[in-house]
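The structure appears below as structure tokens.
Per-chain residue numbering starts at 1, and chain names A, B, C, D and E are given in the order in which the chains are listed.
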Amino acid sequence: MKAGPRSYVSDKTGLPPGSLIHVGNVLVDETRISVINYNKDSFLEARIDSIDELEPYCQSDTITWVIVEGLSNVNVVESVGQMFGIHQLVLEDILNTHQRPKFEEYEDYLYIVLKAMVAEEGEFAVSYEQISLLVLEHVVFAFKEKRDKLFEPVVQRIRTSKGRFRSLGADFLAYSILDAIIDQNFVLIDSLDGAITLLEDELLTGDPGKTLLNRIQRLKREIVSVRRYVSPVRELINEMLRSESPLIDEKTHIYLKDVSDHAIRLVESIELHRDVISGLMDIYISTVSNKMNEVMKVLTIFASIFIPMTFLTGIYGMNFEHMPELKLSWTYPALWGVFLAIPAVLLTYFRRKKWL
Amino acid sequence: MKAGPRSYVSDKTGLPPGSLIHVGNVLVDETRISVINYNKDSFLEARIDSIDELEPYCQSDTITWVIVEGLSNVNVVESVGQMFGIHQLVLEDILNTHQRPKFEEYEDYLYIVLKAMVAEEGEFAVSYEQISLLVLEHVVFAFKEKRDKLFEPVVQRIRTSKGRFRSLGADFLAYSILDAIIDQNFVLIDSLDGAITLLEDELLTGDPGKTLLNRIQRLKREIVSVRRYVSPVRELINEMLRSESPLIDEKTHIYLKDVSDHAIRLVESIELHRDVISGLMDIYISTVSNKMNEVMKVLTIFASIFIPMTFLTGIYGMNFEHMPELKLSWTYPALWGVFLAIPAVLLTYFRRKKWL
Amino acid sequence: MKAGPRSYVSDKTGLPPGSLIHVGNVLVDETRISVINYNKDSFLEARIDSIDELEPYCQSDTITWVIVEGLSNVNVVESVGQMFGIHQLVLEDILNTHQRPKFEEYEDYLYIVLKAMVAEEGEFAVSYEQISLLVLEHVVFAFKEKRDKLFEPVVQRIRTSKGRFRSLGADFLAYSILDAIIDQNFVLIDSLDGAITLLEDELLTGDPGKTLLNRIQRLKREIVSVRRYVSPVRELINEMLRSESPLIDEKTHIYLKDVSDHAIRLVESIELHRDVISGLMDIYISTVSNKMNEVMKVLTIFASIFIPMTFLTGIYGMNFEHMPELKLSWTYPALWGVFLAIPAVLLTYFRRKKWL
Amino acid sequence: MKAGPRSYVSDKTGLPPGSLIHVGNVLVDETRISVINYNKDSFLEARIDSIDELEPYCQSDTITWVIVEGLSNVNVVESVGQMFGIHQLVLEDILNTHQRPKFEEYEDYLYIVLKAMVAEEGEFAVSYEQISLLVLEHVVFAFKEKRDKLFEPVVQRIRTSKGRFRSLGADFLAYSILDAIIDQNFVLIDSLDGAITLLEDELLTGDPGKTLLNRIQRLKREIVSVRRYVSPVRELINEMLRSESPLIDEKTHIYLKDVSDHAIRLVESIELHRDVISGLMDIYISTVSNKMNEVMKVLTIFASIFIPMTFLTGIYGMNFEHMPELKLSWTYPALWGVFLAIPAVLLTYFRRKKWL
Amino acid sequence: MKAGPRSYVSDKTGLPPGSLIHVGNVLVDETRISVINYNKDSFLEARIDSIDELEPYCQSDTITWVIVEGLSNVNVVESVGQMFGIHQLVLEDILNTHQRPKFEEYEDYLYIVLKAMVAEEGEFAVSYEQISLLVLEHVVFAFKEKRDKLFEPVVQRIRTSKGRFRSLGADFLAYSILDAIIDQNFVLIDSLDGAITLLEDELLTGDPGKTLLNRIQRLKREIVSVRRYVSPVRELINEMLRSESPLIDEKTHIYLKDVSDHAIRLVESIELHRDVISGLMDIYISTVSNKMNEVMKVLTIFASIFIPMTFLTGIYGMNFEHMPELKLSWTYPALWGVFLAIPAVLLTYFRRKKWL
């Protein structure tokens, strides 16, 4: 997972800017292209093999949503670029999966890129998927790295919508996709919450070992990394709101504001979790310190009780000729009395000091 | 309580945006609708069963305040939406109790949402209640999650006001509600203060255990969480002040500024308490360290006194044939002299080092 | 003192906004009203019993300065409000002694509120006094909580000024009062400096106990609290400078800028002291750590020297029949040689390790 | 390396501003001047000895790129200044290798200065090279401190470009150079990542010594220093975008934005690494603490087991005449039973406390 | 030195604003006034006794630079105020040596105040000198607290300048003075660097005592204090650049920008050093911790080796009658074998744990 958040990739260093190659890990081998074409009255789903087959769908009285899953096939992106006149740098950004979330406005289209994040099974770890959206007047392209069910709710909604959704434009489709991605993040936050609660419980009940510290640190890093991809989303949507592009209808603004609110809540929630994690670190360090204290106490109790008594046995183990006590018959039992009294006194003292 | 501040709820994930369901914990089962209708000359309190019964109250020469307690009955919110033309997203926000405090301005109405916070009995813990206000020209809706006495002072003030309050508009009513909610928070801060003082006293007198650390951490989290809901209130009110909506009278501005001042003082007070808590953490850690020091000192004092003396007894416990000291009658008492001198010397030394 | 910085008072919760009651601790029982009336040619000091007696002084060719000491008598504030048309909320703010420093501009008057701070005797502790100024065209009201000599230098200056001061307007009087309050704070900073130096010396010479830590923390809190009341003063004065009220003459601006400079210097100085205090905390913690080190060294030195030697005595205290060494006459003295050599060797070793 | 990030050079103190001398370490002795001259149809590479030889290349229908490697020869910079009318202060800045990245706009030319950073072999350490660009209408000067392959990709691209690159202006050349420098930094980040991973592994497997701490600190400093040179680059490019100089074509803006995105990603990545390093510090400190814990446990286990048993042997080593146990034949073996039982009991206890 | 950064002086408290007295330490007893008068063709240096003698020099075709060294003679400042119409508050600021760096623009003159800083011999400590500049159309006053060679380079440059410098106005002279002061600070930074390197070396080689901690703290404070006087300089120059006063020629702007760049570099360098110092603190604390670890290890090794062996000797020192081992002749040598084996085994174990 380390590679996810940290390496920013120098794979392309040395290449002239403007050359189209896929930068990042290949997450699916084959590229799959799905087409969803709808308007108020019709709805149509299809799978095509190359971008050339798109043409019949792209008409001005329907909205066409093209989902490209898998980026290893550079030709697909190249064809989209040629057919719809997309700038070379945008195509590069689609293929380079190390983008920050951002919004760019061009004359004929909008470019939105952000990350979908999914919590992986087992230990808390996040897998990132870069989603690029190209929003044209009647066509929306969505480029994904993986095949998953991320867009399923949106597709389902178009499928079942009688009129409202299907009568709205490409910008509303784009909003619905953004909303689905952001909502997915709330699931992530919940699973993050679960991971933290797990750590907390372990910290309080069990004995925290070195692994725990590493897990806290790893969790902290995942949070930092998630935050890095979530916090620019707010700015992204604000830029969409400020944009004067005719591609974004005034009526869509209120929906975008709603997404923006969700993004703010996400960031706040992440900040909160980061604070909680810092608190865990404090508890961990304090726990280690407390354990040392306990070890010291055991040592001190043993040593303080037995060292003086051993000294006493030492005295009467000496070989002086003139030690009258040794000859008396009551001294040995009396010494046993002392041997019982010393621990009793010291244990009482330690109990008062709350060491026991 | 953990659920309060942290979980941001993914309950709705997968649902299309725009569907009305209650998101959050159900705090009261039944929804209760109270109506207060007043103008300069009349005052009327009633309880109604459905929003349909509202119609006779809504007239342009009176102010009508509708208090909806309990959000589990989605129909109520839906009816309000239909009867008064409220946007679908606003209705959703009213029902989703994970909102950040915010102010939204629409053509015919204003939407304000914020949190009322009450300190729970016993250990310091906060229970949150989301309050949504819809401010129309002659009607104010207040949606609450719980049935409590939060609005009692405002109702009382309308009831007893002879002229001034009742002759002012819906915006002044909204201000009075905001003021009541913010003032409630000062009570919270006082109870927070009490909780901190309690911790402080325990830290200084008793012996701080692991529980104390956890309680400090929990208190810290509560503060962070309270701050999250208080600090946007200032911005909320500033937006109301900047708003050019005809629904907010110029004369109400000075009152809103007053509320804004209170919100700033609240935030500052919370910051201050956060600093105090951090200081408590420092004292806690230092106390643990001091206790370890004390344990070490006891060990060192015992060991340094008895180990050398035990060595001496060891010497005269040896079985060498040629140990002339053993035969002399004054050596054993002399050694006792040494046994008294060693502790005396060392204890003096330790006292000088201020270990005792 | 805790009450000073922390409690933000919920005394008024439940009361309708707009009711006049004194909120805060009563610092003097009786309210005293002094009047100073001057212009270029005349100077007059008087004491009056009620605001009604003010009328003869308020003329357009003189400046009248009314000093109200003690806020428990609500009637005085109420009368001022009625006679000079002061807004209800301003009157409330005057009586509520938990205000942040702020400047408010009204049509006929300006309202300024800030804190005068005095270092108390003995341990460093600050007592706060809220000063409210109402600046009208020819009258300045100054409301204070206590009777003290805070305004003495200003009064003295008016008394002795031949022409310059007395020929300037109410705004210059207001500036002079602000200047006196801010200058007072420099005295506070000096006494803060003294308190820190005291702590520093104790930390370096004596042995820091738990009390010291508490005193450092208390000092830190006082600083945070002082900063809270000083840092908004700059903004207050900037707002006065930005204000376009005819009550503030252009010529007074340069004087206000000077006060603003002083306020900045105060804040910077407080920040600096906060850093120094944090440094003290670091030194304290490090000192505790060093002391533990020292304790451990003493223990280790004693134990490492005597434990091996005690082992040796143990050997020759065994009762084996075949221990030829025991019979030789030189072995016992030789062992004494070893008993002298072992400490010599180990002490040299420890000295090289710089433990001694 | 210390010199790199820290010393800001007071070499010139005392000299009047405006005198041309080289400030910084001399990285190459000899200054080498390369010229690349191209337009759509032609491409030409040459090496010249002095700036005077430049004249034939500088024509308005070609772009001329002059690369000056090595700054010790002040005459070269002086000649450029005279021939192209460059301001004295710009010439000084070119020669003083302690510049912050910045962009300055003059009437006839643009001045850009930034740092190229290369990770050195072995331990992570960065070597800095200052690059100054002078962008005139048809000529671009690039001043470098060293001879390296930094510009190779750009030269290669011009060489092989059939039409597109070569038909664009001097601003596109400047962009390509900036892009090459920024891309180089990604390599640096990757090697930084490697260095951190190495430290991490050592921290987790081996035993961290004092060297490790020093290496962590050194790495942290390198990161701070790298950040100092990377973070102003974003501002630099924003200023280029805001500039209204006719020397920057509108069409180049989109490319500059791309470089700006890269710079942001770089800074974010550096921040992330800084966080990781802080986490390493925490792990290191915690590891030291854990090791101390372990040492204490060993001591405590040994002492708690053997000290009580030694006490028992002491008892039966005493020389009292009336010790009946000593005469019984089963007592000695029974005592051995005790000697086996004590460790068994204590070890079980310690195992339960998870000390073993 | 403490007095330098911390005490902000309440010396003037109680005095009416506007009274001229010298506030600060008197650094030279006698005030010395030097005059430098120049234009393109002439150059003249003189020393005068009172400001009255200035008149012949102040002509509109020459630039006159008046250097006042020593502020204890208040009359000089007063005379300047009267002769050139300087505002009373400016005169006060010149005499009060606790000013923050600032720029003030008046109708006929500019007022600039900042600090020159010099590293003192021996331990790193900074001595501050306040420099006030009054820039009039043809006259520049420079008020200094001390007599030193700070302005020597500027004077030298005027003396030797053939035409360029001398033909420029008073604003260029002011710039040159600022430049000289800022450049002086780079020397300070270098000596700061030296002090840090010294501390670093001591920390790594020797054994850090309590003094070291104090020295680190003192260095940190000096840095904070230096930063306080350097960081406003940038703003000061930006205000000069924004100023529309005819006293600052457009052509001087580029020079001021250069000074501004230097100031930014200074601040960045100081920030960097502060980070380094914080790192030193971390290393110090970690070193103390490591030393404690080492002490504990020595104790543990000694105790774990000898305590079990002493127990063995204890066994055979017991006086049981039935101890058959004691009678066998090989048991004693065999025990010696055990006594050699135990340390061997334990030392191997400790070596494996890397304690040795």
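One rule holds in what follows: a residue touches a chain if its C-beta (ideal position, glycine included) is under 8 Å from a C-beta of that chain, and two chains touch if they have at least 3 such contacts.
Source: prediction; values computed, not measured.
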Least hop count linking chain C to chain D through chains in contact: 2
Cα superposition angle of chain D on its copy chain E, in degrees to the nearest 5: 70
Chain A and chain D, separation of their C-alpha mean positions in angstrom: 27
Whole-Å gap separating chain A and chain C, where each centre is the average of the chain's CA atoms: 43
Residues within chain A bordering two or more other chains: 289, 292, 296, 299, 303, 307, 310, 314, 317-319, 323
Direction chain E, origin chain D - full chain order round the ring: D, E, C, B, A
Residues on chain C engaged by chain B in the complex (per definition of touch): 2, 5-10, 12-17, 87, 89, 98-100, 102, 104, 207, 210, 213-214, 217, 220-221, 224-225, 228, 281, 284-285, 288-289, 291-292, 294-296, 298-299, 302-303, 306-307, 309-310, 312-314, 316-319, 323, 325-329, 331-332, 335, 339
Complex contacts: residues of chain A adjacent to chain B: 153, 156-157, 165, 176, 179, 183-184, 186-187, 189-190, 193, 197, 204, 254-255, 257-258, 261, 264-266, 268-269, 272-273, 275-276, 279, 282-283, 286-287, 289-290, 292-293, 296-297, 299-300, 303-304, 307-308, 310-311, 314-315, 317-323, 354-355
